[in-house]
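Below, chain A partners chain B and then partners chain C, in two separate complexes.
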Partner chain A sequence: MSVTPLISGKGLTKVYGNFVALADASIAVMAGEVRALIGSNGAGKSTLIKVLTGAIAPTLGTVEVEGVIAPLGNPTEMIARGVACIYQHSNLAPAMSVLDNIYLGRQPTRGFGLLDRKTQRANALVLLERHGIDLDLDAIVGALPTVKQKEVEIAKALALDAKVLLMDEPTGWLAAADVARLHDTIRTLKARGVAIVYISHMLDEIFAVCDTMTIMRDGKVIAESAVKDIKRPKVVELMVGEKLARDSAGAALVGRKPRGSGAVRLGVQNLTKRGVFKNVSFDVHAGEIFCITGLIGSKRTEVMHALFGSDQFDSGTVELDGKAVKFGHPAEAMAAGIGFVTEDRHREGLMLGLKVTDNLVMATLKKFWRFGLLDRGGIERSAKKSILDLNVQPPDGRKLVKLLSGGNQQKVLLGKWLNLSPRVIILDEPTVGVDVGAKAEIYAILRAERDKGAAVLVVSSDLEEVMTVADRIGIMVSGQLKAIHDADKVTMSQVVNEIGEAA
Partner chain B sequence: MGTAAQISGFGRRIAPHALPLAILVIVVVFAIAQPAFLKPENLIGILRQVALVGIMATATTFVIMTGGVDLSVGPVLAISGLVSYFCLAAGYPLPVVLAAGLGLGLFIGFANGAVIAFLGLPPIIVTLATLSIVRGSALLLGGPDLHLIREESAYTFIGTGNILGIPVSIYLFIAVALVLIFVQRRTPLGMLVAAVGENERAAFLSGHNTALTKTLIYGLSGLGAGFAGIIQSSQVHTAAATYGPFGTELDVIAAVVLGGTSLMGGSGSVARTVMGVLFLGIMNNGMNILNVPIDMQLIAKGTIIVVALAIAELK
Partner chain C sequence: MKARPAIFALLLFFAATTGLFSLFAPRFATASNMENLMSGFSFVAILAIGQAFPILVRGIDLSVGAIVAVVGMVTFDLSLMFHVPGFAVLPLVLIVGTLAGALNGALIVSLRLQPFIATLATLAAYRGLVYSISGRQLVPGLSTTPITDKWITGLENYFDIGGMTGLSHAIAMPWFPLSFFVMLAVLAVFQFILLKTRFGRDIYTVGGNFEAARLAGIKTNRVIIAAYSISGFCAAMAALLLVARLTTSTEALGTGMELSAIAAVVIGGVSLQGGTGSVFGPALGAFLLGIVLLGLTLLGVSQFVQQILTGVILLAAVSYDRLLVLRQQRRLKANLAAGH
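After this line comes the complex of A and B, so read on.
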């Protein structure tokens, strides 16, 4: 094995305005090494990966491939040098065959622009054989199970002669058996001398497949270690930082209110939707924050839509204040006092091209009907109040929502639902793409709603967030709610392990 | 860099006013080229010419704001005129005649909307099918003949009457435009149309009945076409199954799109559609006055539409 790393980044720094996304971070990966890159959301992992793939140019620092300085911010050049990335979300063409996907955009030709199918197929077979990947070249990608699709992505990267493979949460959508399969593929690649950077929140996976790890926090590399030389609790502590660990422990001591006032506001029993989720049961009490966490794809969002009437369920019961309810349309759930801050504010939450004011009243428009007309004055007053209450910046209701920052957009979305004065408020991934300051404000708003007596139901994949705001924690795995804990009686690493173990 | 940024900054400031400015420019150009252009009779003539397309375009603006389209306005215009004629011929009183013509347009629009909203079929296909069905029905009803409307002064007043020297059809266009501008700005429907156009999924998740909203606005589009059919039959004293020929829907869509409403849906404005209508009307009239041959007129019209859209894209 050579002593020169296949890929290395030195002193990488990326500054956006006043925000330092990456601060003097360095990383080096040898041939045949699987290096875990871990850290909380916003720790700078993605920024580091983007610098290494050339997707963005760093403000400072250098990147070397096989000891040679590489041009910065040039993705084509990085691919040519053998650096490939497999993203969390598929970049495949689902309607095309495996073979076509592997060579998408750079098919061998026979001249006159005609495809050379024969050479293509022969090359692909050699490639799969060499790396021990088992794929049917003629299968249509969209019909393959997710783990096979990941293998197609890997094959696609390898067809580019990738020597360095960056994998961004490659197992987020996979079931346990498939995770093991993917890990086998990774071990084969490792034996062939590929350098792999493996990003994951799943400590189990990291301890199963990685040799070394780089732990990041606040844009800095906090620690590096061989996997065999470090224990899990130490990793978690390094990830979240002692201060936060202390803070959330402090918040836990004074702030946690499991079961709130004691009265069950929303009772869910054996909720089932065939092939999606099964026998989901939990209670949310008035005056508590109940967080459901789990992997992306564990069907938490689907349960929320079934509760809210924007989707249906097959069996089970939902009770609101002890009375059985079943909603056929979101309007019915809203009339019963349920608000739903949906996941993905751009796709499901906001009207980006409309004004802040209009967005803020979108869920409560009926309040402003006056003899078939809209009470514009009332709308303006209500929106002005929301903007002040939520500290929306800039405090201008006429501004189009798309011109606001992520954090302020999220506050507008939250405000739209708070205007309903909901007795149950559901929030699905409420702080994705939100800066730290706005995050803290959103948490304060959630606590205030709880203290006013609302039942707050949060779906979140961000464990730090769960540990910060939850009074009780539910853990969802593959469509089933596996465990419920009082947040003051459980540690983050316990939760991490339950999410991972049960899978 | 600096100049590019300055230019795009300038473009962004000017973009909202591009259409009124363009109207001003062509008015000045035509006025200089042919002073007769500015005569009151000619200006009134322009408005009279655009009234029909104007009513249909303002009424269909909401549909286009939701990313939909109504291709069936031409045949709806024809069949509403025919039905009104037959009611007249059968001796029904004027309110019944008008209700029949308008009601049929509204009904066809609702049918379009219900199929699109509740079955989730693509608007372009649904209204294309409606175009064919309604044209066929009109031919079945009216045959190939022109049906002459005689001695119905109350009915023909709609299309040919004058109040204070201005044709009634112009008042009707202005009234429709004002009502729809009011609906857009001051009623829940206006807000819902904007919400559905911006993000239908989010509108649904905010508790709004998006399917009903869509059904209503297609109904409105059909109503507009029906109204235009009545005005036209009254203007030319005849009703025929072939009125509102192929291309009518394109004139209507062109006016809406020139007004800045994206065919992809999203923001749009009835008031700006009115400007789009005026722009097209002035272009037509000006080129006629300058004796531009019809072939050149068509080429110019198409070019202007593409250029206007390209400018709109820049912002």
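After this line comes the complex of A and C, so read on.
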């Protein structure tokens, strides 16, 4: 092993508006090293990877390949330096063949830009043979199932014959046998001296194939270690943060109210959507916070959309206060007193270019109609009250929402729904991209709603959050609700085990 | 790339429409009507072939009609005001058209404008330019002088293929206009480029998944500028054919042609979502449009109703395109579910 790392990033920082996605992160990977990159959602792993591939330019910091400083934010240059990546999201051209996609942008030519189909096909066949990947080269990528598309993506990265291979959750869609094959490929590449960075949420995979690991949290690199020198519980603790873990252990002792007032507010029985989720049953009581957790892709969000009427389900029943309901449209759910704070606040929740006040009253404008005109005074008063209740910083209703920090944006979004005085409030990943302080405030708001008698249903992948805020916990695995626990009678490691059970 | 069912469906529809009009429209299935079709819609087909490129990279070029006018007027000025010989005029004006297209592309990539807005702006600007350089207004009396340069007027020519091959003894054959052969040549060249060159593949990649193209190291800006340049080039080609036929040019030349071109492209199976289709479809789409319009004329439907129908056909084609996209999304969702 040489002393110069094949690829290294130093002091990398990436800021989006008020949100720091990456804070002074450094990483260095040697030839023949398989480095795991782990952390919870929003920890900055994907951002770090994208900076290394040149997909985005960092705000600060440098990237070096074999000790030579590389240009930033230029994917072409990074490819030329032998850096390949399997991105988390599809980077294929759907209308083109598998063959073209494997060599996207670098199909072999015979001069004058004329394609050399023969060489291209021969090279592809050798590549697939060598790595044991089974693909029809003439199939149109858009028509392939996602699993196969992922394999195309892997083949495309391998075709570069790169010195550095970055993988952002490459196994998300793969079956166990395919994962094993990918791991064999990784070992082969490692033996050939390729430097590999491997992002995965599956600790099993990391302990199986990686040599070293970098643990990230809140955009910072918080630990580096050889895999053999570290135990799993320690890894989890580092990922979620020791202090938070302790705090939440403390918080866990106070104020748990499993089943709240005892009255079932929202009853869900055998909810099924073919091929998505199956036989999901749970009750949310008035005055409790019910958290559903599980891995990404376990179809939690899909269940929520089905409940809210923004998507359909095939069978099963939903009851609101004991009465069967089925919402064909979100407006019906809202009229029945259900609020839904969606996961992507930028795309689905807020009008970023409008003022805080306008956003707060958006869902309740009807209340302010006076003879067909809007009662501006009433709106101002209502918004002012929300701003104080939620502690939105700065407490200025005229501020544009896009100028607020992530946490305060989330509070505004929450306030918009709370103004409807919902009897059931559903929140999907309520604190993604929110700093620790605002998180605590949001938890307090949720508890206050609960204590006012609302049924609160939270979907979250952030276990720390679940353990902190939940009265009861439902665990979803691959479209099924596997278990429901009272939060005061279960430990985090138990939950971790159940989440990972079938994965 | 294999011929997709979409093209077969289009051919089938083409045949069915032709058959229907042959049965019901008087004098539709005649040699002279075929000649009308070829001479009247070859230049629309050329515009459609050009328009296919911006649409393939997920854009649109609304300015083609105005580029036709610019090129027409530059031809007029060069030939009649400056007496430039035709063999020099032809390449010069093709360059003018290509540059006008390249400017569209450059605006879109450098100012990050939406193609619809950028080309709507250049549509107005180019049309205004035509009036300000119009030799018809600058030099009194020129407006009634026809262009007589053989290099230019020679583009309006007809070939009696039937007579030459002796086929006309067996069946009444139309005389083929030169513009039809020019269209075939343009079609062959650009279809070849799309299917057989790296640049062609890059066009599909940029249109199909822009981010993937960027990350694969494709020079996306260049590809987009090239796509609009091709559209400009084809507009110049069409303009030359029109000027040759009219032996003059007017300020209003090409007005509204962008609509026919876009309609032909969408009818020809190029998705407005970018990344799918070819240039064969749009060329066929132009003639399909021609058959419908000529057929309706022969049936006695008024010109105004025909304009309405062009709009309706465009709407239908776009809705169909949208339907395909929705269906594809649903299939993708099903795939996701099955994959899990």
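To be clear about the criterion, the second predicted complex is superposed on the first by the 370 of 503 C-alpha atoms of A that agree within 3 Å, B and C clash if a C-alpha of one lies under 4 Å from a C-alpha of the other, contacts with A are read in each partner's own complex, and residues count from 1 in each chain.
Following the convention adopted for this analysis, contacts are C-beta pairs under 8 Å (C-beta built on N, C-alpha and C of every residue); 3 or more make two chains touch, one makes a residue touch a chain.
None of these values were measured; they are calculated from a predicted model.
Visitor: Please indicate which partner A:147 is in contact with in the superposed arrangement: first for chain B, second for chain C, both, or neither.
Guide: second
Visitor: Does chain C touch more residues of chain A than chain B does, or is it the other way round?
Guide: Between chain B and chain C, C touches the greater number of residues in chain A.
Visitor: Between chain B and chain C, whom does A:170 touch in the aligned arrangement: first, second, both, or neither?
Guide: neither
Visitor: Does the superposition put A:350 against chain B (first), chain C (second), both, or neither?
Guide: In the superposition, A:350 contacts chain B only.
Visitor: Mind working out whether A:415 is in touch with chain B, chain C, both or neither, as first, second, both or neither?
Guide: After superposition on chain A, A:415 lies in contact with neither partner.
Visitor: Would you check which partner chain A:97 touches, where first means chain B only, second means chain C only, and both and neither mean what they say?
Guide: Second partner only, chain C.
Visitor: Chain A residues touched by both chain B and chain C?
Guide: none
Visitor: Once bound in the complex, which stretches of chain C touch chain A?
Guide: The touching residues are 1-2, 196-199, 201-202, 204-205, 207-209, 211-219, 271, 275-276, 328, 331-332, 334-340.
Visitor: Mind listing the chain A positions that touch chain C in their complex?
Guide: Result: residues 53, 55, 75-76, 79-80, 85, 87, 90-97, 100, 104-107, 109, 112-115, 138, 142-147, 173, 274-276, 297, 478-479 of chain A touch chain C.
Visitor: Contact residues on chain A for chain B in the complex?
Guide: Result: residues 308, 310, 329-331, 333-334, 340, 342, 347-354, 358, 362-363, 365, 369, 372-374, 376, 416 of chain A touch chain B.
Visitor: How about chain B: which of its residues touch chain A in the complex?
Guide: 186-188, 190-192, 194-195, 198-199, 201-209, 266-267
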